[in-house]
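Next come the structures, one after another.
Next come two complexes built around chain A: one with chain B, the other with chain C.
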Partner chain A sequence: MNTNLKISNVTKIYPGCVANDNVSLEFNSGKIYALLGENGAGKSTLVKILSGVIIPDEGKIYLNENNLKLNSPLDAKKNDIGMVFQHFNLFETLSVFENLIIDSDEQRESLREKIDTIMKKYNFSIDLDIPVLNLSAGQKQKVEIIRCLIRNPKVLIMDEPTSVLTEQETSELFLSLKKFSEEGILIIYITHKLKEVMQLCDEVAVMRRGKLVSVSEIKNENIESLANKMVGQNLKTIKKKKAKTSSGQLIKISNLNFTSEDPFETNLVDINFSVNRGECLGIAGISGNGQSELFQVLSGEIISEKNSIEFNKNYIGDLNPQDRREYLMAFSPEDRLEQAAIPQMKIFENVALNNFKSSNFFNNGLINENKIKEHSKKIISDFNVNTDNIELKSQFLSGGNLQKLIIGRELITSPDLLICFNPTWGLDVGAINYIHETLIKINEQNKSIILISTDTDELLKLSDKISVIHKGKLSKIMSAEEVTSEKLGILMGGAN
Partner chain B sequence: MIIDIHFIGLIIASIMASAVPLILASCGELITERSGVLNLGVEGMMIIGAISGFALMTVTGNLIIAIFGAMLAGVLISTIFAFLTQTLITNHVASGLALTIFGIGISAMIGKNFVGIPGKEFPVLFEGLKDTIPLLGPILFGHSIVFYFAFALPFITSYFLKKTKIGLIVRAVGDSPESASNQGINVRLVRYACILYGGAMSGLAGAYLSMIYTPQWIENMTGGRGWIALALVVFSTWNPIKILIGAMIFGGLTIIQFHMQAIGVRIPVQFLTALPYIVTIIVLVVISRDSRKIRLSTPSSLGKSFHKDN
Partner chain C sequence: MIKIVKRDQPSRAIFFFTPVLAIFLTLVAGGLIFFVLGFKPFEALKFFFIVPIADKYGFSELLLKATPLCLIAIGLSFCFKSNNWNIGAEGQLTFGAIVSGGVALLFYEQEGFYILPIVILAGAIGGMLYASIPAILKTYFNTNEILVSLMLVYVSKLILDYLVVGPWSNPEGFNFPETRQFSNSAKLPLLFEGLRIHAGIFLALAAAVISWFVFYKTYLGFQMKVSGFSLKTAKYAGYKGKKMIILVFLISGACAGLAGVGEITGPIGQLHREISPDYGFTAIIVAFLGRLHPVGIIFASLVVAITYLGAETAQIFMQIPKYTGQVFQGMILFFLLASDYLLFFKIKFIGSKK
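The block that comes next holds the complex of A and B.
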C-alpha cells in the first residue's frame, strides 16, 4: 500500500528564533528522502514535530489524507510513524528485551518471537538479555530500529543516524534502510553529511535557517550543488600551500611512554616525533587507539618525564597545561562542551578560563569583568562566532560556534603551537570550512599545529606530515604528498 | 550459662519486630527512588503515620480504620511533596527536608492530647502455634498481620520491579525520564504514584511503631528510623532483598546492644549505641561493592527534576 505523508505550512517559533518557517513538504513511500541542512537549520525541529515531541505553532500534518493530531510521541506511534533519534531513547540499565517490551502491548513470548523474526530477516544479531549499556552505538541503534519495526510503521524517520557509527556500521545501516524502503516503508533521513545523501537517498529537501530552500531529485544534484544550497553561498575549495622548507624545530617528543591504570585507556608506547615551525603534523587513526591519551600527554593533562617533551628548547614534560600555555602552547580538546568549555558558564567566563596567569583579567584575585568582556567581543568578531550576546551560557552555542569560540580563545594569544583533537567533529560544512581556513592561516604565519583527527580527508587536506596511531604506537612519519587515503586506511588497521 | 532455646527464639522474634518499620519504610522509599525521586521526608511521613494511627485508634477504637488512616495520612503528606517536586519542579532535597521538619512539628502538636493514653492491644495471628515448635515457634507465629506483610514486602517489591510491566515502567522512568517521555510514558504520573506509595508505606511503618511495637504515643517516637530507612535504600543499592538483610542486622544489633547494656558489658554505652549504624553500613557496603551492579541498579535520574518542555 502506498503511504503519503504531507507537511503543510508548519511553523514553530522559539523566543528569538524561527525554527520552522512555513514549511511544506510531501513524501511518498518507495523512496528514501533526505532532509538536509546545517546544524540549527530546523531539521530536528521538523522531525520532532512529526514524532509528536514538539507541537507546532501552526500547520497541519496529513498521513494518507488524514489530518494527524500529534500531541505526544504516543500519537505518532499510534499513527505508525516511527522515529530513531540522534540521541538514543533507550534505558541504559534495562535489558534490551525490557527496553522493547516497555511500550508494547504484546505478551512476552509473542513479542520475543516477533523480535526474533525481525532480527533474522534483517540479519541483526543482538543479545536480548544484556543491559543496553553493554551495547555498542551501532547495536543500540539497531535496538531503536527494532523498536520501530515491531509496530509495522508506515514512516520511519532517522535523525542523524550515522554520527555515532563506524564506517562498517554505516554501510550495514544503509543496506537495512534500502530493504525497508523496498518493503514499502517511507524513509526520511535527516543529515548534514552530503556524501550520505548522494549514496543513499532518492530525493532531497534542503533547509536553511528554518526555511525550506529546495526539493529535488538526487540524480539532478551533486555534492557541490547541495553544499551550496545548504550553506547558501558558494563555498570556495580550500587548498593548502606547501609549507616552506624547514625553519627550525619547535617541538620534539622523545621516548615518551604512558602506562595507564585504567583498563579502558590505551597505553602509549615509545612515541617519537618532531614538528618544525610553520608545519602541521597530522595524526590519523581509528578512534580509541590512544589519541585521547596522546592529546592529554601533549597538553599536560597527563604529566610525563621532563625530558620527554622539548618545546622551544625547554624541557616541559612535567608541566601542567597552565604552565605549558606560558610557553605559548594552545589546546583545543575533542569534547567541546565538557573539556574545552563549561556548559553552564557564560561565554565571557569561559573565555577567561584558559588564561589565568599572563592575562590582566584578574586584579588581586578579583575578576576584571570589563577586560574579559572586551576581550570576548574581540574573539567573537575576529573568529566569526555567530552571536552578539557574550552573556549567553556556552551550552546554548551551536557546535560550530562553540568550536570557533574555543579556537579563537586559544589563538588570540598567538601561540607558537596549537594542538587540536577532532576540531571539526560533528560540525556543518560552513563551520568546517571556516575552521580549516583558520588552521591553514596559522601555518602561514609560521606557527605549528599538531592535528589529531579521525577524519582522513581533513588530515590529507591540512597536514604537511602525517603519522598513524595504532594501539598506542605511532607509525613512521610520512610526507603528506606521498600518502593516500588508502595507505592511511591500511596503517590505521594495524598493518605495516 | 544455660542457653534456653525458647529464649533465643524470642530474641530473634524481637529483632524481627524491630526491623519491621525499617523494612516497610525502606521498601516504600525504594519504589519512590527507583522512579528517580529522592524523598528525604521519610522520617516526617513516618511520624505523621504514627500519630494518625494512634489518634484514630484512640478516637474510633477501630484498628482497621486506624491502620488505613495512617497510610492515608502518609499519602496525604507525600502528596504535598509530590506537588512541590513534580508540579512545581522544586528541589527534591530541600522539599524532603521540609517535609520531615513539618511532619515532626505537626505530629507533636496533634499528639499533645494523646500523651500518656495507653494503646489498644493489636491482635496477633497463630498465637496458639507459638509453643508447638522449639526455636521456630516464637519466630514464625504470634505476630501481627503487619509483621507478616513486612517480611513478604521485599520479595513482592523485587517481583514487582523485575517481572511486572508497571515495575519496568517505574525503572525506566528512573533510568531516563526523557526517553520514557519520548516513549509516551507519563513521567509525572508515574512519579506521583511512586511518591504516594512511598508515603503510604512510611505511614504504615509509623503506625506499626505507635500501635503495635510500643502501643503509645511519645513525641518524636520514630527516633531517626526514617533516616535509617533512607540509608538502607542507598546502601542496599536499591535491592529489596538486601534491605531485608540490612534491616535485620540493624534491628539485631539494636536489640543485642540493649541486652549487653543490661548485662553490664564494660564497653562505653555511646559505642554500643553507635554500633548498629556502623555495622549495618559496613555490611551493606561490602555486600554491594560490585561497581557494575551498582551502575545497573542506581536510578540514573535520582533526585533530578524532570521538566518536559515543548
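The block that comes next holds the complex of A and C.
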C-alpha cells in the first residue's frame, strides 16, 4: 500500500530563531528521501516535529490524508512513524531483548518470534541476550531499527545515522534501508553528508536557515550542486599539493604508553610515529578508540616519560602544555566549548589562554589587557572571524567562527607543529572549507600538522601520511596516496 | 500581544539594572505581605527601611552589620566567579572565630600591641583551614562542595557549642555558655565613642580593593577564573587548575574567618553560642545582589544589612515578627534571579497592526 506523508506549512519559532519557516514537503513510499542541511538549518526540528517530540507553532501533518495530532513521541509511534535518533536511546546494562520489550505490548514469546523473523529477513545477526554495552555502534543502531520495525512502521526516519559507523557498517545500513524502501516503508534520511545522499537517496530536500530551499531528484544533482544549495553560495574546491619530500624530522614519538585509571578511557599501547617538517600526519579511527587520550598525551595535558616525545631535538614528554608551547607546538582540542575556549568569557580573554611568553600577555603577574586586545584584533582580521567586537562573550560566536578564533589563536604564534583533533566537527561547509584551506597553508609554509579526525574524507584530503588508531593502538603508517577510504574502514574496524 | 525575544547578547545596562529592579520588586511584594498580614504597608516599610537608619546610632549599626556581610561576600565572589559553590561561609566564619577566640583567650590577662594582629591572623587561618576541607575533597575526591561545605557549618556550630559550654567556658561565668572577656588588646578598636562600629570595616574595604585588583588585573585572577569555568580548559592552557580551586576556597575561608574575628573581637569581646545571625548565608545573597563585583557588593551589603535592622525595629514598634527580615532576604534573591531572565531575553509589545 502506498504511504503518503505530507508536511503542510509547518512553522516553529524559538526565541531568537525561526527553526522552521513555513515548510511544506510531500513524501511517497517506495523512495528514499534525503533531508539535507547544515547544522542549524532546521532539519532536526522538522524531524522532531514528525516524531512528536516538538509541537509546531503552526502547520499540519497528514499521513495518507489523515491530519495527525502529534503531541508526544507515543502519538508518532501509534501513527506508524518510527524514528532512529543520532544518539541511541538504549539501556546499556540491559540485554538487547529487555531493551526491545520495554516499550512493546506483546508477550515475550511472540515478540521473540517476531524479532527473529525480522532479523532473518534483513540478515541481522545480534545476540538478543547479551547486554547492550557489549554491542558495537552499528549493532546498537540495528537494535534501534528493530525496535521500529517491530511496530511495522509506515515511515522510518533516520537522523544522521552514519556519524558513529564505520565504512562497512555504513554500507550494510544502506543495503538494509534500500530493502525497507522496496518493501514499502517510506524512508526519510537526515544528513549533512553529501556523498551519502548521492549514494542512497532518490530525492533530496535541502534546508537552509529554517527554510526549504529546494526539492529535487538525485539524478539531476551532483555533490557540487547540492553543496552550493546547502551553503547558499558557490564553494571553491580545494586541493592539497603533495608535501616536498622530507626536509627533516620534527617530532618523534617512541614507545609511548598510557594507562588510565578511568575505566571509560582508552589505554594507549606502544605508540610510535614521527612527523617531518611540512607534513600532515592523519590519524583516523572511530571515536572512542584512544584519540582523546592521544591528543592529551601529545599536548601535555597528560604527562608521559620525558624520552617518549622528541620534538625538534628536545625531549619534552614531561612538559605541560604551556611549556610545550614555548617549543613552538600548538593545540586545537576537539571540544570547542568545554576545552578549547570558555564560552562565558570574552573573545580576548579566550585569546589569552594561549599564553606564549613572547606575546607578553602577562607581565610580572599582571594582565596586559592592551596587548591581548591588540593580538585578538589581529587574529580576528587574519582569520576571518566574523565579528568586530572582541569584548563579546565567545558563546555568541557560531561554531565556525569560534573554531577560526581557536585555530587563529594557536597559529598566530607561528608554531612548528599544530596538533588538532576533529577541527571541523559540527561546522558548516563554508567554515570547513576555510579551516581546510588554513591547514593546507600551514603545510605549505613547511610547518607540520598532526590531524586526529574521525572524518575519513577530511583525512584523505589533508594528510600526507595516515595511520589508524584502534583500541589505543596505531596501525602502520601509510602514504595517503595508497590509502582508500575502504582500506581505512577495514583498519578502523580492527582488522589487519 | 506580548512576545519574548532572545537578545543577541546580554545587555550591559540590564546587568546593572536588575539588582535595582529586584530591590524595587521586593519592596512591592513586602508591602503586599504586610498588607495581607493586616499592617499598614507604607508604615511597615518605613519602620523596616527608614527608621532604623535615621540617626547616628542606627547608621553605625548598619555599617556594623554590613561589615561581615561585605567581607564574606567578597570572599565568596572569588568562589562563585570561578564556579565553586562554597555555601559554608557560616561554618568558616564560626571556625575562624573559634581559632581566633582561642588565641585571644590565651592572652586574656595580657596587654600588648602584638596581640590583635595575632588574633586577626588566627581567625583568617582558621577560616582557611575550614574551607580547605571542601576544597580538597572536591579536587581530589570529586565530592560535591555544596554538600560538604554546608554540612560543615553545623559541625562548626556544634564545636563552638561544646567549647563555650565545656572546656572554654568562663570559670566565673555561672555556667553561662560563654567564655571569658578578651583583654582590651585583643579587641578591635571602636571608631567613635558611644557607637558600636569598629575597625573591622577597614578590613572589609581593604578586602574589596584587593579582590578587585587580584581578580581583574592579575594573571593569578585570570587563572582562577579559567579554572573555575573549566578544569579541562585550565589543563589545556597549562594552569594548575586544582590548586586554583583550592586557592579560591582558601581566600573565601580567610574572608569569612576575618568576619568571625570582627564579630567576636568587636562589640562582643568573647566567644558565645550565637556569634553570627547567619551572616555566612546571607552573604551569598549579598554576593549575587552585588553582581560578584566589589563595588556592587559594598552597596548590596548595606541594602541587606538594613533587613537585619528593620526586622528588629519592626518587631519592636509594630509587633511584626522579626523573621520577616529573612523573608525580605529571600525575596531579594528570588526577584534577582527572576529578573536575570531579562539579561538574555527582552519583552516586546507588539501592537495588532493589520
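To be clear about the criterion, the second predicted complex is superposed on the first by the 292 of 496 C-alpha atoms of A that agree within 3 Å, B and C clash if a C-alpha of one lies under 4 Å from a C-alpha of the other, contacts with A are read in each partner's own complex, and residues count from 1 in each chain.
The rule we apply is simple: contacts are C-beta pairs under 8 Å (C-beta built on N, C-alpha and C of every residue); 3 or more make two chains touch, one makes a residue touch a chain.
This one's a predicted model, so the numbers in the text were calculated from it and none came from an experiment.
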Is A:345 in contact with chain B, with chain C, with both, or with neither (first, second, both, neither)?
second
Kindly classify A:354 by the partners it touches after superposition: chain B alone (first), chain C alone (second), both, or neither?
second
Just chain B (first), just chain C (second), both, or neither: which does A:207 touch?
neither
Look at A:488 in the shared chain and tell me whether it touches chain B only, chain C only, both, or neither; answer first, second, both or neither.
neither
Would you sort A:103 into first (chain B), second (chain C), both or neither based on which partner it touches?
first
What is the contact status of A:218 with respect to chain B (first) and chain C (second): first, second, both, or neither?
neither
Given the touch rule stated above, what does A:321 touch, chain B (first), chain C (second), both, or neither?
second
Should A:301 be classified as contacting the first partner (chain B), the second (chain C), both, or neither?
second
Quick one: is A:77 in contact with chain B, with chain C, with both, or with neither? Answer first, second, both or neither.
first
Using the touch criterion from the header, give the chain among chain B and chain C with more contacted residues in chain A.
C
Could you give the residue numbers on chain A that contact chain B in one complex and chain C in the other?
none
Using the touch rule from the top, collect the residues of chain C that touch chain A in their complex.
4-10, 216-222, 225-226, 229-230, 232-233, 235-239, 345
Chain B - residues contacting chain A, complex
165, 168-169, 171-172, 175-176, 178-185, 295-298, 300, 310
Taking the touch rule as given, give the residues of chain A at its contact with chain C in the complex, in rising order.
14-17, 299-301, 320-323, 325, 331, 333, 335, 338-342, 344-345, 349, 352-355, 362, 365-367, 392-393, 396
Write out the stretch or stretches of chain A touching chain B in their complex.
51, 53-55, 72-74, 77, 85, 88-94, 98, 101-103, 131, 133
